[in-house]
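These notes open a run of structures that come right after.
The two complexes that follow have chain A in common; it is paired with chain B in the first and with chain C in the second.
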Partner chain A sequence: MSEWLQQAIARADSIQDGFEDQRASSLALLKDIQWPTRKTEAWKYTPLRAVERSTAIFKEESPELEPVAVEGLEFLELTFVDGQLVSLPEELPEGLTIEMQESSLFATIKPERHVFGLVNDVLAADVAVVTVAEGVAIEQLLRINNLLSNGAQGHIRVVVDIKAGASLKVVENAEGQGASLTTAYTEYQIGAEANLEHYRFALQAGDNVAIGGSHFKLLEKASLNSSIIGFGSNLQRIDTDIIHAGEKADAKLNAIYLLDGTELFDLHANVEHAVPNCTTEENVRGIAGDSSRAVFNGRIHIHRDAQKTLAELNNRNLLMSNKAEINTKPELEIYADDVRCAHGATIAEIDRKALYYLQTRGVSRSQAQLMLSFGFINELIDQMPTAELAEWVRPIIRDRFAQMEVK
Partner chain B sequence: MTEQIDKALAREYEAGFVSAVESETFEPGLDEDVIRRISEVKGEPEWMLEWRLKAFRVWQEMEEPDWAHLSYPKIDLQSVSYYSAPKSMKDKPKSLDEVDPELLRTYEKLGIPLVEQQMLAGIAVDAVFDSVSVVTTFREKLEEAGVIFCPISEAVHKYPDLIKKYIGSVVPTKDNYFAALNCAVFTDGSFVYIPKGTRCPMELSTYFRINEQNTGQFERTLIIADEGSYVSYLEGCTAPQRDENQLHAAVVELVAMDNAEIKYSTVQNWYPGDEEGKGGIYNFVTKRGVCHTNAKISWTQVETGSAVTWKYPSCVLKGDNSVGEFYSVALTRGRQQADTGTKMIHIGKNTKSTIISKGISAGKSNNSYRGLVRMNPGAEGARNFTQCDSLLIGDQCGAHTFPYVESRNPSAIVEHEATTSKVSDDQLFLCRQRGVDPEKAVSMIVNGFCKEVFKELPMEFAVEAGKLLEISLEGSVG
Partner chain C sequence: MSNENTLLSIKDLHASVEEKNILKGLNLDIKPGEVHAIMGPNGAGKSTTGYVLSGRDGYEVDSGSVTLDGKDLLEMEVEERACAGLFLAFQYPVEIPGVSNLEFLKVAVDAQRQARGEEALTSAEFLKMAKEACKQVNLPVSFLKRGVNEGFSGGEKKRNEIMQMILLKPKLCILDETDSGLDIDAMQVVANGVNSQRDSERSFIVVTHYQRLLDYIKPDFVHVLADGKIVKSGDASLAKELEEQGYSWLQTEPTEDELED
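Entry: the complex of A and B
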């Protein structure tokens, strides 16, 4: 077992008082767990050296940090700095509540298999519980900010309960400075006929280590539209689980990763179809440049009773350099016969013919490359339902490409 | 199969083999002594024994893999007998009347001639056929071409240099748990060497060599195609083979030198156990080929038997412009479990690989495709195309796909596609409307589904494979 994990357990032991059953059982599980190695399937391509060597500490005092502004949008901000909740929205719209308390949903949607999820169970100091009352549609976006100062360690946890017929839009925003380390897990229950528009931005690159997950449970006729955009860092790992627990639920997941330098990004997306008549559509696109490494694992699991399921997963990757690496593994596990499931994965470089075509039209090679790779992912950005967010993220991505280009 | 060949088989069986080794059947258990005894019985030279012992020591340090999507009780390797001489005549059924009628019905449907039926059912057939001529013409023809085709135990004596050079060169002793076990205890298998620039004059088949029959448990095959040569090798047969062995851990190594081509076709139809999953063969096979410059290896497999199949015929595309192919049909029914697929390791420039995998699950079975495509940094301009299709028949079975795709070269192109569906009601309706009964209709649809793979099989094999699927699917519809 790693020293890092031992320290985490020791810390959890010291603050254990007041743990409810759920956290106590996570701690017990954690004490028995095997530290992942290359032979652990879920960590096959993602070494944990960055965690083992991390010097990030729990800070007694944290500097004041502000989340990035997005033009044209006023968020309801829920802000954590170095793992501590520092601000809640002053006024909440009717039907929306945020409380710091135990929730019966805590650790029930996130699967037990995640080592770092268990660490988060026991180390997340402030668990925020967001509830949307039945039938209420919250128009304003709620933003969960996970901000870390240089060298800090922080663990945050948010549980979101969207009651029947309600709707909510959530942005998860992570900004880690320097050699910080964080685990950030969110759990969402989307009630019957309820609706969630979800974004997870992990746009901080650099020395930080960020491990986390967004986990969704969809009840009858619930719908989810999620977009995940990540840049790599020393170690960036996101797990997402979509659990169809009610019939006729619909989930859509778009994910993008753009890597440069020696960055590492690992996305594990798992979809559980436990009941009949649900649909899932996943589109994942990635670009790996320089000496970076991208990992994608997309699993779709159709349970025995989940007849009439429609599930599709598409993963396309561009490999930009001889030193970069892309490892992808789309998985299907199917136990019902009357279903339509498909997945596809490709890895290639930018189409040389398309490059040539643009060059014949007088576009420089580097400009053409930029246009083509931007077009490759812009398709998914265009699908983001909140246009202001798309507007905000586009120039950030363009800058990223320009940066990749210089090298 | 012609009657003449049957005669040849019967004849060869009667000769040599039984008398050579009938004395020994080892008591269950595995230790260094057992390995020494195997080596002694085979009269092996010292270096071979050393090689086995080295593999055994490696194996002792290894753990049984558990990553496959399979569940079976742990195999107690100490309860297995590692050497058994072929059954003596008196233990065998005396006539077809003593053989399971279910088995006979299957033979009949496959249109297997009576003599062959007796052979497959393991009946003690006395050599009443004069068939020396067939064997001789067949041997002569190969010898003329300079092709070596003999039991590997014979090759150890006759061609020690070739064996020393190539055995374990493609599948190293420490490759995996079952391969290491095989290295330590293998009893026999085939050895093939095709000289430079030679096109093997006939399709080689284990089926021609009856002495394969009772060595199936830990079989080892080594095929070397020297520069510019070509060989097509067939393994197995379409009829279910009566076999008491529980565990099969075979190793097959192929070496395709520059510009050579090896085509390896398998029809595997070991006993799958009964409807409730009792009995049946555990088939754990390591098959791998290495391709040098401009070489080509093509694996074609039709897997319908065995209770548990764990098998990943692979290609290491080492030389520039080399080509690897994998065509597979895997059908599971009853409580069968199959975890099968391939590995394509692209090392050389402009290497190409194609993977076509068709999985059919019926009854309460589970059928998984597991594959790896790896583009190494030097695999400039390499290309892979993978297609995995699964067909589910009934709502109690499972079909799974676990492809690993790893690329470290931007100019390499990898494409993977997988689909899962059931036999569509529309297609069934169309067939029934034309007066085709449902069972026949399903079999037609399944045959169409597998067509891409069947067309890669040698012709007689393809016809039999089609029939085999039809029989395997019986009773699955409804």
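Entry: the complex of A and C
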């Protein structure tokens, strides 16, 4: 077992609050766990050195940090700094509540197999529980900010319960400075005929280590539209689980990653079709430059009873350099016979001839790069339901890509 | 000799690809308004010359110098060379599916105008110019909407190159076998396109294997490029001679003979 994990366990032993039961069981699991190594399938391409060597500390006092502004949008802000909840919206729309209290959903949607999810179970100091009352549509976006100051360690946890027929839009926004370390897990239950529009932005490139997940349980006729957008960093790992637990649920997941330098980004997406008549559409697209490494594992598990499932998984990658690496693995496990499934993964290289051709006409290299290869990323940005978020993130992604060198 | 009145000046240029020497002491001076034809056997280094001048990745200059309008061309990025007035019509134009010809041309013209400090064209102004240029090379206007060279026939690709040249108004145009693969009518169209752009300022390097093109585009000079350097230069009549004799004389004659002008 790693020293880092031992310290985490020791700290957990000293924390007391209202989550005794679930935490106790997670803690017991953790004490028994195998620290992941290269032989652990889920961590095969993502070494944990960055965690083992992290010097990030639990700070007694944190600086004041503000989340990034997004033009045209006023969020309901739920802000954590260095793992501590520092602000809640002053006024909440009718039907929306945010409480720091026990939730029976805690640690029931996020699967136990995520090691750092267990760490988060025992270390997240403030667990926020967001509830949308039955039939209520919340128009204003709720933004969960996970802000970390330089060198800080913080663990945040949010549980979201969207009751039947309700709808909610959530943005998970992580901003880490310097050599910080964080785990951030959110669990969502989307009730019958309820609706979630979800975003997870992990745009904090650099020295930081960020591990976390967004986990969704969909009840009957629930619908989920999720966009995950990440840059790499010292270690950036996101696990997402989509669990179809009620018939006729519909999930759409679009993910984009964009890596440069020596960054590492790892997305593990797991979809469980436990019941019949559900649909999943998953588009994952990424660009890796310099000597970065992207890892994508997309598993779709169709259980024996899940007849009439419709599931599609598509992963497209672009390599900008001979030294960049992309490890992609779509996994379909199908135990039902009447289903429609498709999956595919491609890795293309930047078309150097076409770049040169465009440049000979006076087009700058960066613009040529955008013309040739930004389209497949842009398509997913275009699909983001809240246009203001698309317009905010598009130039951030475009500029990062335009500055990537062809090597 | 390079003086203020020289547009392009290549001096003792040595260049290699993948460690293989291709250009071995190339010299060439071109004045504004001149048309120089370059002929020579396969593999002599004609296309390589165009790639080196345009700054293609992997084409290493080992020694020598190239100036365009007095500026050091070899120091510039590919796109800077284009903005400085260099244009290369490719022997094998590149297909770029997913990028429309019109979008591509607009971006290119905008970039060059911006680099020269000229005002941007409105979309309407540009569209008019583009349609005009299409007409000049006999390409249906619908080609503007298609992906760059995507699925174009060989001849259509060549005409698309000339169309770009007409739009970009370069100072020095290098046409690399723009005539190969063209039917006789298309050759006439391309030649007319080129001739329409000739004036006292704009210069051309016309790389070709066939004298026929030079009947339409009358060169001021004809050079023979063999084994990485110019081994013979003359006026338009040299092209006729080559058509009759071929290149067998290259082996027998000493290579560093009469370099006229």
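Please note the rule applied: the second predicted complex is superposed on the first by the 384 of 407 C-alpha atoms of A that agree within 3 Å, B and C clash if a C-alpha of one lies under 4 Å from a C-alpha of the other, contacts with A are read in each partner's own complex, and residues count from 1 in each chain.
The criterion applied here is as follows: a residue touches a chain if its C-beta (ideal position, glycine included) is under 8 Å from a C-beta of that chain, and two chains touch if they have at least 3 such contacts.
Just so you know, these numbers come straight off a predicted model, no measurement behind them.
K.L.:
More chain A residues touched by chain B or by chain C?
P.N.:
Counting residues of chain A touched by each partner, the higher count goes to B.
K.L.:
For A:S364, select first, second, both or neither according to whether it touches chain B, chain C, the two together, or no partner.
P.N.:
A:S364: touches chain C, not chain B.
K.L.:
Applying the document's definition of touch, where does A:A354 land relative to chain B and chain C: first, second, both, or neither?
P.N.:
After superposing on A, A:A354 lies in contact with chain C but is clear of chain B.
K.L.:
Tell me which partner A:V132 touches in the superposition: chain B (first), chain C (second), both or neither.
P.N.:
neither
K.L.:
Touch test for A:I228: chain B only (first), chain C only (second), both, or neither?
P.N.:
neither
K.L.:
Could you list, by residue number, the parts of chain C that touch chain A in their complex?
P.N.:
By the definition above, chain C touches chain A via 54-57, 77-79, 81-83, 87-88, 90, 93-94, 96, 98-99, 103-105, 107-109, 111-112, 115, 148, 164, 168.
K.L.:
Which residues, counting only chain B, touch chain A once they are in their complex?
P.N.:
Touch list, chain B to chain A: 67, 69, 375, 377, 390, 392-422.
K.L.:
Residue numbers of chain A touching chain B in their complex, please.
P.N.:
41, 45, 304, 307, 317, 319-349
K.L.:
Over in the complex, which chain A residues touch chain C? Could you list them?
P.N.:
Interface residues on chain A, with respect to chain C: 351-354, 356-365, 367-368, 371-372, 375.
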